[in-house]
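The first chain written gets the first letter, and so on, giving A, B, C and D; residue counts start at 1 in each chain.
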Amino acid sequence: MDDKIQIKQIEDVELENPIIFEGLPGIGFVGKIVVDEIIKQLDATKFAELQSDYFPPQVTVKKDGLIDHMKNEFYYVKDFGEEKRDLVILTGNTQATDYDGQIAISRELMNFFADLGADKIFTLGGIGTGEMVEKNRVFVAGNDLDAINEVIELDNTHIRKDEGGSIIGASGLLLHYAEEKDVKAVCLMGETPGFFVDPSAAKEVLMVLFKLLGFEFDLEELDEKIETTLKRLSLNPQFNPNMMEAQQAPQPAPSDDLRYIG
Amino acid sequence: MDDKIQIKQIEDVELENPIIFEGLPGIGFVGKIVVDEIIKQLDATKFAELQSDYFPPQVTVKKDGLIDHMKNEFYYVKDFGEEKRDLVILTGNTQATDYDGQIAISRELMNFFADLGADKIFTLGGIGTGEMVEKNRVFVAGNDLDAINEVIELDNTHIRKDEGGSIIGASGLLLHYAEEKDVKAVCLMGETPGFFVDPSAAKEVLMVLFKLLGFEFDLEELDEKIETTLKRLSLNPQFNPNMMEAQQAPQPAPSDDLRYIG
Amino acid sequence: MDDKIQIKQIEDVELENPIIFEGLPGIGFVGKIVVDEIIKQLDATKFAELQSDYFPPQVTVKKDGLIDHMKNEFYYVKDFGEEKRDLVILTGNTQATDYDGQIAISRELMNFFADLGADKIFTLGGIGTGEMVEKNRVFVAGNDLDAINEVIELDNTHIRKDEGGSIIGASGLLLHYAEEKDVKAVCLMGETPGFFVDPSAAKEVLMVLFKLLGFEFDLEELDEKIETTLKRLSLNPQFNPNMMEAQQAPQPAPSDDLRYIG
Amino acid sequence: MDDKIQIKQIEDVELENPIIFEGLPGIGFVGKIVVDEIIKQLDATKFAELQSDYFPPQVTVKKDGLIDHMKNEFYYVKDFGEEKRDLVILTGNTQATDYDGQIAISRELMNFFADLGADKIFTLGGIGTGEMVEKNRVFVAGNDLDAINEVIELDNTHIRKDEGGSIIGASGLLLHYAEEKDVKAVCLMGETPGFFVDPSAAKEVLMVLFKLLGFEFDLEELDEKIETTLKRLSLNPQFNPNMMEAQQAPQPAPSDDLRYIG
């Protein structure tokens, strides 16, 4: 393993060909919102943590003033969905930002998932439009035609028309490294303006997962977040287009403002 | 070989002192359009592929939703042009973006071409003007005066007047590393505004190659692309000058829009 | 030790479980102003220096035209504050700017402090608001709840409401590495607009330290700097918002203008 | 020696405690103009060349279309100036742009100069003001007070008032590494707007060197360049302030426009 990456096992858990959800911070924090909702509502259990010197050199501050370090976290849920499968969820407060780090960490993640006997991986993210969207569509890509087609039959799912368009960060690289390990992988991308944290896009991605895997839960909290976001936007209708650019790179965890300390 | 670079041989092909065309993504995607047209029209055969951890950490999405990884590709054509030569074509969907990667990959490419017994290399690219151009001139540079003069006798070919001007990326470095291997190398640069994918500039570069090497083919498809581009430009006459800057660095494959996912 | 970092011992000093103050250059140079005032007024003694190839490749120019190299400096004070403790102060004219450098240097600094038998660390910095502030509040974070609560009982101290907000640079990483060494660490962040050197924010941080550690000294000189700063601001009320961005990264020592030479 | 740096000896020359002039590309190309004028007029002889993978991955194009690689070059002159000293001149078409490269190359340069028995080094550069200047002043810094004072007694020479101001690139680092080798070093910085190639600033630096070292030569050619520059500026009085930023980093050789190819 790359010596700038450590995976610390917290609980020794037996998993049977789990499904994997990846939801690291990215555009609109769409993937992260999705998986953090699932972790909370399905009461998932944390069983491992990845730390890395590739992560940004910073800490975050919690409600009580205690700091938290940069990390990716692994959770599991038993008896998930219609088929009562094992589910593993990857979340975190950061992604590596440079090329070497993104490549090394995505490879380690895929190795870790393959060692768990992963059956199929869903990488979850946002796709930035740069402008407000009426209805957040969900775009699909993957390394297996059958897996793509299974999604494309559902409502509100699409294949991108801009052939050659890119998928950056872990959401993209995991598709490629999964292919090298013969693991089926699908990426679901919620359409989002890209310049704010977007629970609406997350909800649409979640709806696709509901239909695909036959699980469901209370959307009330997510609906409240959507309402709060819409209220804020109506109060501040003009966005700084420069923020777009910033959002296109993988990013640390969302914060309500842009204040940093050095 | 640098351990961040792998060249995978797909077909074992016998080539005799081939001519090399390089057309990786760059300003206006001029070089890539040229070589991709030649590959299609001359039905070139792919025989090797270069993958690298120096390439951007992303995947691209194809028409059917399947992903494609970042790569450079080697094709060959037998009995090419007037002299019935062997031709090797380098294309791809990306170039390395950092210095180490550009240097390491250009060196490996040149080693690979030298091992094939390369007789002469044409690196093909664009030269950004930052403003619209009436007639796309073709500029010439190289590591051998005779090779340069052979080109300069043709219509529409020029030597740059801005002494000391730079040629960045593989198009430039291959000229230098070819010199170290005693291989003649010429760079043809199609004049292009630089802020959109430019089939007009590509056509002019292709015309120079036609005359130089005595081959020719149907330009209908390229002419259609030129028409489509001109139509789009007339609808959207104001360009964002910031795009210029982005285009000056080597870039991933063209996409119709600028949407990314993370 | 990382071979791009050297710590040179200047004086062999016996210290007993010292308190540590870190005040390297950062937003508004808040931390640096605080520790440089303490060094001057308490007549602290320099006993070690850290040099590194991670620091920016430049030198600074002193009043007499002599150059100074990039460095971090360690000072000590005996019989400091109410409890007559040993105090170690870290100042300097720069921080590393890239990830590897920030991580490597913060780790070495923490090792150095742990080897000194450090009892508790205060990292001192600024927190940028992007707009003028009436009264500079002081925000608190740390790796120990008791240590945080001891500060939060004092006037003008707060915990940030933007959960997940980041602390970048040495001020943040030292909190994390201190935790790994079981050393209590608290970060005090003076609220500052962030686009100029801010002695007002520094004074508020100093006031918190006064109350916490029971020491005091002449604030006259600092008050003069505050007055000078306010005068300048009133003459030039419009700031370049682009400067904000620059200030968010760790930075070299303050200079009155932005002139460089190459 | 760092394996990304090669110094190739071209001629085996005996030098006695030479004076060194450094004039690599930088702000306003002030240093490079100065040394290139001296090389031409004093008919200096090239005796060594430094190549490096730290240099930007590009080639430049000469008048005849032939390419040139990135390099630093060493020249010598015998019987230079009043004291009939040996003189070594460092010029080139580029500097490393990243930290590692700047540090590694400056160290190797200083080792090379020390091995030649260097007596004293003058690093020559520009200091950007960001606005037009009436009379280009020359600023002085160095690692030796006597050497600084010898310069400061001359007309038009000054010490910067912005204490802590930085000197970046080889012009700065060589002062520091010279100090480590006990070699006296002085930096002369010609005041220049910083957003165009500035022969006026170069002339003022040259005038200081004339007086200091008792040599002189025809300034006619330089005066013609100054006139040409002034003419261009009067035709195009509005500069893009964004260019300033670009000029603050060490840069490749000057070109009349900003066109690149990829």
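By our rule, a residue touches a chain if its C-beta (ideal position, glycine included) is under 8 Å from a C-beta of that chain, and two chains touch if they have at least 3 such contacts.
Predicted model, so just to flag it, every value in this text is computed and none were measured.
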Interface sides of subunit B and subunit D: same vs different residues, half threshold: different
Centre-to-centre distance between subunit D and subunit C (centres being mean Cα positions), rounded to whole Å: 36
Euclidean distance of C-alpha centroids - subunit B vs subunit C, Å: 51
Overall pattern in which the protein chains touch one another (line/ring/star/complete/other): ring
Residue ranges of subunit B touching subunit A (in the complex, touch as defined): 53-54, 56-67, 69, 93, 97-98, 252-262
In the complex with subunit A, residue positions of subunit C that touch it: 25-27, 95, 99-100, 102-103, 106, 125-130, 139-145, 148, 152, 159-169, 171-173, 175-176, 179, 187, 189, 247-251
